[in-house]
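Same chain, two partners: chain A is paired with chain B first, then with chain C.
Then we have the complex of A and B:
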């Protein structure tokens, strides 16, 4: 009798396994967009290239482990070019969801090109793997269909700058601050956050200049003259990479010297900025310290040095710079891989649950992955740093705030 | 506060005159709309990159080189594209489609070849040859910004403005002081009558097309210094701005472009000073205003036919 029961159980188990295997898809479809041209190409292509690198690696190993089917399944990356155009992006996001019926939806890089995806994902009840779209409006308690993978949400990202200005600034002699920002979701939100943190600190810091310019701005000479007229001790410029390139070149060209100058992208895309602005143009510029300079402990995926080697092997021509966005793309891929390994189905809400279960536990080369209740990234913080030249005239990062991670003292005022 | 944007606008505007004048010359002579104009600007920038990064020379030397290369490119392209286009029922409309396609091809090829990232040249390198010659002659020219009426401006702006004035002057000399220029004006005035009088219209047009592209390429050499950096996708925005300047000055009148560029530059700098968030709307606002108030453009004598 017992033998019959065991035999029946074994047959049942075998049939169940066969059924499970039969249900397993032949591939996991990941849908995403990239911008091969236009204003956001330089931040989109590194992110996209990182995901492609990961897909190639995983498929060479037979695919990613998908817990829902208890087996490795190859990945199919369905990617379209939005050419940095938000209208095109909206159409293509819709296509990924309704026509291609992708299993996972991944946004393009940056808040501008993520914005159309947020609404579409929510409308179609698709969970959005938001790579670097940090805009504050994306995250709300009534939208469960989003989580930010790789950058701190813009409402908290610039806190180290504001804290440095309000806590260390007065002792250094910083009393007047100028804020110049590009009018888009990413940098607009950062400007709002800087303003808020400074005001809430009640420090003797006055904002003497606070202006937005279109994101497409490529010439800052007149604006720099206006900022100079306000006589600020510190200038905070919040823009995308092309904005920073034009801004820093104009600072050099006009011969203006600000005691403290902060820009976002010298830290995030250092290679690109150094190529365009030069090491001397970046000297003493304050910026975010990227994860590549922090060497975070890793419990999943490649370490920074190994990833850099893999990147250089895959993209030896140097047409796409290795920087913060290359790390962000790989971080997204790692979160996806880990999510698939813990999600019990490919149901979108189950994917969300799986992503949130990683919060605080997943440590990648980008730092600790941690989400707030709305899906905003609060773990992968970037300290405030300053770019200085080493003895060989090469750029090096000096973390200056918060003090517990500082690697040196800030040079203020700029010599 | 007002002096700075006015002077900056004048310098910037003179550069924009150079950006637009080639487009106007091509339209004025052939009545075709070159939507790839901005892409030839971008290609000119890459000639500058080549001269500096490959040959290690002053990017200013890219100006004559770009001119020579793109005159030849223009004549070649004219030969294979324009005569067939002119035989069509509606060459103006078809030229929009044709050159839009050409623009896409140029951008795609350049992206494949050079990637999508921003590229530029250190500003101090522009005119470095002049500085070296000055030093050899005993002068001690200093790098850095140029001071005009007590205000400092990037040296690259002044160099590009001077080059623009020289280029506009040479276009004027070409049109009004040379035989080929006289023939060009004849074609601009009445193509059919020019043909009837025995003028070799194709030869005249090929020269004008080559010069038009070459002027765009010269403007492109300065683009990394004026706009911070250049990517293969730079062309589309440059084409839009060029159109505004051309329409502002007077469509079909190359010299009106000089005025259009200056008006655009000064307006842009004033808006950046007083209403910086709205600066990007300026081209479209100017376009609407000029079409409503003076459709023939600032220097136009009559309502254009095109």
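Then we have the complex of A and C:
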């Protein structure tokens, strides 16, 4: 009798595992968009290239491990080109969901091209892997279908700058601060956050200049003179890469020297800025220290040096810059890979649960992945650093704040 | 049967019926919605360019203003969406009135001034100082009114209105007078046509439909930035579609949207890497061989095109 029961159990188990294997899809479809042209191409292509690199790598290994089916399954990347056009992006996101019926939906890079996906994902009850869309309006308690993968939300990102100004600033002699920002969601929200953090700190820091300019601004000569007239000790410029390039070139042309000058993109897209502004123009500029300079300890995926090697091998022509966005795309891919390895099904809410279960535990080359309750990224913070020239005249990063990750002292005032 | 009834019955009604049925058989509803939006905008361009000769490069200004009119009504007055769409149309008209002095310009000067005006409206809306009203550059999220099905039906109603205006212009002495103004304003005026009034009415009608379109677009997408709804692509697409089909007709812009936007999406879904090449070649071909649009293939042979 016992033998029969065991035999029946064994047959049942075999049948069940066969049924499970039969249910497993032949591929996992990941749907995403990229912008090969238009104003968001420079931030979209590195992110997309990173995902392609990961897909190729994983498929060469036989696919990614999917816990729901307890086996490795190849990935099929379904990617459309939205050409930085939001109406096109909306149609294509819908195509991915309704026609291609992708298993996982990944947004294009940046808030503007992510915005159409937020609504569509929510409408179709698809969980959105938001790569770098940091817009605060995306994250709300009533929308469970989104999480930010690879950038901190704009409302907390600039905290290290504000903390440095309010905590270390007074001792260094920083009393007056000027804020100049481009009026778009990304940098506008960062400006609001800097202002808020400074005011909340109750430090002896006064904001003597606070001005927004259109994102299309390419000449800052008059603005620079206005800032100089306010005699600030520190100037915080928050703009996109083209803004930073124009601003830093104008600073050199006009010959103004600010004791402290912060810009976002010398840290995020260093190669691009160095090409366009020159190493001398970047010397002593304060910026975010990208993960590529921090070498964070990882518990999943490649380390920074290995990733850089893999990137150079796949994209040897250097046409797509290796920078912050290239790391962001790979980070998204790692979160997806880890999610599939812990999710018990491909149900969208289960994917969400799996993504949130990684919060605080997943450590990638981008730092610690951590989400708030609404899906906003609160980990992966970039420390404040300063660009200094090494003995060979090349740019190097010196992390200056927070102190626990600092690699040197800030040079203040600028010599 | 009078041509007005014929055009309504055989062009407008079948088109509306087709787009009313399509969501039941094809489930990329947003693609269908975008078709409807571009049909409205291309016909809007047709009203002002086809019948008066004013090329509105900044047509998106009305569209974006309508979208923000909708958003402000919903955010600050908790207005129901249909009422907010009506207000969006009125915001378009108000902007049309504000920009009416531009009609003193003609040709390229008008086109450039109109483009500049649209940019000015964008920067006004996106100004951080107006954050409490428009949310400035930080974008709006209108979760409360989100209802894609109703928004799609709203877009169909606006398309019906727009087609009604174009059918009227194509079959009325008013439309004929407008075309006379387009050809030679001075002669038209000598013949007793009130040039200023005519142009103004066409301009405001065109602004009204774009404002409505912006309103339903905001209703459908519900999360957007100024850059989304003031994107120059809307103007460019609407103008190219209208020109591709042929302006001053009812069918031209419809043919333009269906073919060109159809191909646009087909390339986008199948061979996105050749997108610029294929689309660019198509447009070059149009400019070189069919400058008066596809309908000129028929009109050259003396055939009547409604």
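Rule of thumb we're sticking to: the second predicted complex is superposed on the first by the 415 of 415 C-alpha atoms of A that agree within 3 Å, B and C clash if a C-alpha of one lies under 4 Å from a C-alpha of the other, contacts with A are read in each partner's own complex, and residues count from 1 in each chain.
In the analysis below, a contact is a pair of C-beta atoms (placed from the backbone, for glycine too) under 8 Å apart; a residue touches a chain by one contact, two chains touch by 3 or more.
These figures come from a predicted structure and were not determined experimentally.
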item: Clash or fit, chain B versus chain C on superposed chain A; value: clash
item: Contacts of A:242 with chain B and chain C, given as first, second, both or neither; value: first
item: Touching partner for A:229 - first (chain B), second (chain C), both, neither; value: first
item: Partner chain in contact with A:90 - chain B first, chain C second, else both or neither; value: second
item: Partner chain(s) touched by A:214 [first = chain B, second = chain C, both, neither]; value: both
item: Touched partner set for A:41, first chain B, second chain C, both or neither; value: first
item: Chain B versus chain C as contact partner of A:31, first or second or both or neither; value: neither
item: Touched partner set for A:183, first chain B, second chain C, both or neither; value: both
item: Chain B versus chain C as contact partner of A:136, first or second or both or neither; value: second
item: Among 97-105, 133-141 or 223-231 on chain C, the segment whose C-alpha atoms clash with chain B after superposition; value: 97-105
item: Contacts on chain A seen with chain B and repeated with chain C across the two complexes; value: 36-37, 83, 183, 212, 214
item: Of all residues in chain A, those that touch chain C in their complex; value: 36-37, 79-81, 83, 85-88, 90-95, 98-99, 111-112, 115-116, 118-120, 122-123, 135-138, 140, 142-143, 183-185, 188-189, 212, 214-215
item: Touch list for chain B against partner chain A, complex; value: 1, 4-5, 8, 12, 107, 111, 114-120, 122-123, 144-145, 151-157, 225-229, 231-233, 237, 269, 272-273, 276-277, 279-280
item: Chain A - residues contacting chain B, complex; value: 35-39, 41-42, 45, 83-84, 183, 211-214, 216-219, 221-223, 225-226, 229, 241-242, 245-247, 249-250, 252-255, 272, 275-276, 278, 317, 319-321
item: Chain A partner contacts - residues on chain C that touch it in the complex; value: 27-31, 34, 37, 123, 126-129, 135-141, 143, 146, 148, 221-225, 227-228, 231, 233-234, 237, 264-265, 268-269, 272-273, 275-276
